[in-house]
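Chain IDs A, B, C and D follow the sequence of writing; residue 1 opens each chain.
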Amino acid sequence: MNEVIRMLKKRVFQANLALPKEQLVKLTWGNASAINRELGIVVIKPSGVPYSKMTEEQMVVTDLQGEILEKASLKPSSDLPTHLVLYQEFKEIGGIVHTHSKNAVKWAQAARDIPVYGTTHGDTFYGDIPCTRQLTKAEVNAEYEKETGNLIVATIQERALNPMAIPGIITQGHGPFTWASSVEKAVENSIVLDEIAEMAMGTEQINPQAARLTQYLLDKHYYRKHGEQAYYGQK
Amino acid sequence: MNEVIRMLKKRVFQANLALPKEQLVKLTWGNASAINRELGIVVIKPSGVPYSKMTEEQMVVTDLQGEILEKASLKPSSDLPTHLVLYQEFKEIGGIVHTHSKNAVKWAQAARDIPVYGTTHGDTFYGDIPCTRQLTKAEVNAEYEKETGNLIVATIQERALNPMAIPGIITQGHGPFTWASSVEKAVENSIVLDEIAEMAMGTEQINPQAARLTQYLLDKHYYRKHGEQAYYGQK
Amino acid sequence: MNEVIRMLKKRVFQANLALPKEQLVKLTWGNASAINRELGIVVIKPSGVPYSKMTEEQMVVTDLQGEILEKASLKPSSDLPTHLVLYQEFKEIGGIVHTHSKNAVKWAQAARDIPVYGTTHGDTFYGDIPCTRQLTKAEVNAEYEKETGNLIVATIQERALNPMAIPGIITQGHGPFTWASSVEKAVENSIVLDEIAEMAMGTEQINPQAARLTQYLLDKHYYRKHGEQAYYGQK
Amino acid sequence: MNEVIRMLKKRVFQANLALPKEQLVKLTWGNASAINRELGIVVIKPSGVPYSKMTEEQMVVTDLQGEILEKASLKPSSDLPTHLVLYQEFKEIGGIVHTHSKNAVKWAQAARDIPVYGTTHGDTFYGDIPCTRQLTKAEVNAEYEKETGNLIVATIQERALNPMAIPGIITQGHGPFTWASSVEKAVENSIVLDEIAEMAMGTEQINPQAARLTQYLLDKHYYRKHGEQAYYGQK
């Protein structure tokens, strides 16, 4: 088990390092985590540690209730409760990434869903990327980070979305969360989300009446890459 | 012949690597190919392989019908059928590049031609860069990638354009394809296309009534670099 | 004392070098300073020296009246009088940074406060970032740099703001000044200020009716990171 | 004299290399030149040579009439006639830079002067940066590059501007030319011009009614850095 945890810490460490490298976060913003469902453990970035000084060993190991499992551990990311809710509710996901990437944040602050304007979007997100409603004062003052997770789950469910087909969301006034079967894939989804957020903004600037991708082209592109009929990539 | 193929694979490999380096693609997006018309072979990037792990040997060799010519080959880019149609119809081209470069994609998603607002555009593209119509449901569901190629060819032909004078297009809701006498030149055309897409968007922002370049200045700049009277460059 | 000054020069030197590295300044624009309040000395970048040729030793040491304390010193940044006023009036600050970072400058030139549209902003700035009024002709022609400092202080005071909670400002037609308990933190505040300036511009583009962050979410985020109840970061 | 020419070639070579490094040009776009007025020689970039393969020796040496002075020389930049007119008419300049830097081009294509919205602009350009009128068909078809130079000179003169105080211009539908006492300073002016072009666009986006910098603050900033009363920089 120690070796399994060590490997998971290594992967989470590298996923976190990818965030500033891909210019998705500045300073200590952002966090990535992964789960091992057999062992019931989650590994997440420590809170507020500069990326340039972070080490693999500093990754924080908790159980699904957020209890820290290693002595002498640093404090986990303050967003841990959000991650835990998502792991509990979205049974298929293996990794989560939260950033303040600037283009996704612009849409979150504008309180708008990101419309699916093209195939770059449709290759990864099967439809508009939802923006949550605003958290209420009661929710914020109670358990803010946990309620953020609850709101994400509720938003996905109310819209009857499959979280594996819409593997990310923007939380109003805050920013993006993405997830995937693995933390590495969740990082990729963060990259895609920020890129298509910028593309969508430019699309509306060039043509304020821009139309969404047709459903049949969305189907084509999404299922070219996902599901049993996929034919993109190597086997 | 083996040496010829090896050299073509090398060139296609390097052209593909140029795409992330020039910030025209992220992740595994984009693909470049080249043709040797004497041998009747096309070399293209394999599908979905990360640029950081791609090797020269992995470039896929096919004939003009898309039949793979080497044993143990990886699968070619899923966009191969688009490339093949272009090679068949545009007899003078030697290389093709497809990207999801963000500024070109914005115009593709906005479903607008990119107007020729200046000499930066006119030095490479002799007029507006067309945006195709949308593919029909029947076209998408039949042979999507091949129909994309057919639509590109039809768009160039309906507008009575010379594909060597307008060496690129944007496909509606999708993104840019560029071509040229060589794959290296096609990469350059991708760089130019994205740059002028950004310039055109800013031009309209600064002046919503911006006018196109006059025909005589377009002629001057284009023919300063192209054709028998060209005097730009060495010899 | 010599060792204390040497260390302060080193820190100020490194803070100045961080500005071009973080793409907050071009050419010789921008300046960072720090104060040692026990010794009553201020260390600041020399005027107009290229960052690539600047040395630690060249940092200029003055007292709080701006008198140069080392023989053979270079001339201090022409903005020194602005820094001195801020050090005199804001007793808790230990470092100041001035840049012409492009997104913050856009708001300064637009003569608008930067609205607090999201938590990225609220994590560091507890409310809108003020834009000063324009300096009068008399102020400019008298002691321009000193009057800039006076106007910054007056703006913070008239709005009844705590300079430690709003650790930065934009001066109309000019650009941003940030401050903090240390010069390193002041650099971070410059990074944040430019990033949220860009985010705010995009937010308004996507939704011209975008609403400010609610007060309760601003309170939550700001006090999650600041003050006695803070729980972000390691102890 | 050979040593003087060698040094000038070295400086012009380095100035040209600075253009892609500062992200002001792509591919083979752009050119920088310098003049030695005592010797009556101009050194300029060769036409169409990739920056990555360019050598110091390849810089082209001509007289003020554009006659090439070295055997086995490459062809000079096709924009040489524009440079020559400027050297002949603006007696104080020692270097010229032409780029297609994207933000300056946006204004050139939008056919608008760049308004002096702030001190970043006023520190280098003492007022709006002019956009020329469009060249006539006759001008383009006669001696295009020379007429471009004539139009730049006429624009500066008709507006009664001092070319040393407005050390740059944008040519309509084309792009920026900057000049200065030295080619190194002309490169700096190109950097500044593109930066303030971007700032001005953002300023108008944030506040469509944005006002120009007041004359007295423009005077203050410009003369803080230029002329006998300058007190910015060392000495």
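Rule of thumb we're sticking to: a contact is a pair of C-beta atoms (placed from the backbone, for glycine too) under 8 Å apart; a residue touches a chain by one contact, two chains touch by 3 or more.
It should be emphasised that the depicted structure is a prediction, and the values quoted were computed from it without experimental measurement.
> Cα centroid separation between subunit C and subunit D, in whole Å?
The separation of the two C-alpha centroids amounts to 33 Å.
> Between subunit B and subunit C, tell me the centre distance in angstrom, where each centre is the average of that chain's C-alpha atoms.
One centre to the other, that is 46 Å.
> Give the residues of subunit C that touch two or more other chains, as numbers and ranges in rising order.
204-205
> In graph terms, with chains as vertices and touches as edges, which category applies: line, ring, star, complete, or other?
Drawn as a graph, the chains make one closed cycle, so a ring.
> Can you give me every chain pair that touches, using the contact definition above?
Between chains, contact exists in these pairs: A-B, A-C, B-D, C-D.
> Across the complex, what residues on subunit D touch subunit B?
26-29, 46-49, 74-75, 78, 100, 102-103, 105-112, 134-135, 137, 140-141, 144, 173-175, 201, 204-205
> Which residues of subunit C touch subunit A in their complex?
117-120, 188, 191-192, 195, 198-200, 202-207, 210-211, 213-214, 216-217, 220, 224, 231-235
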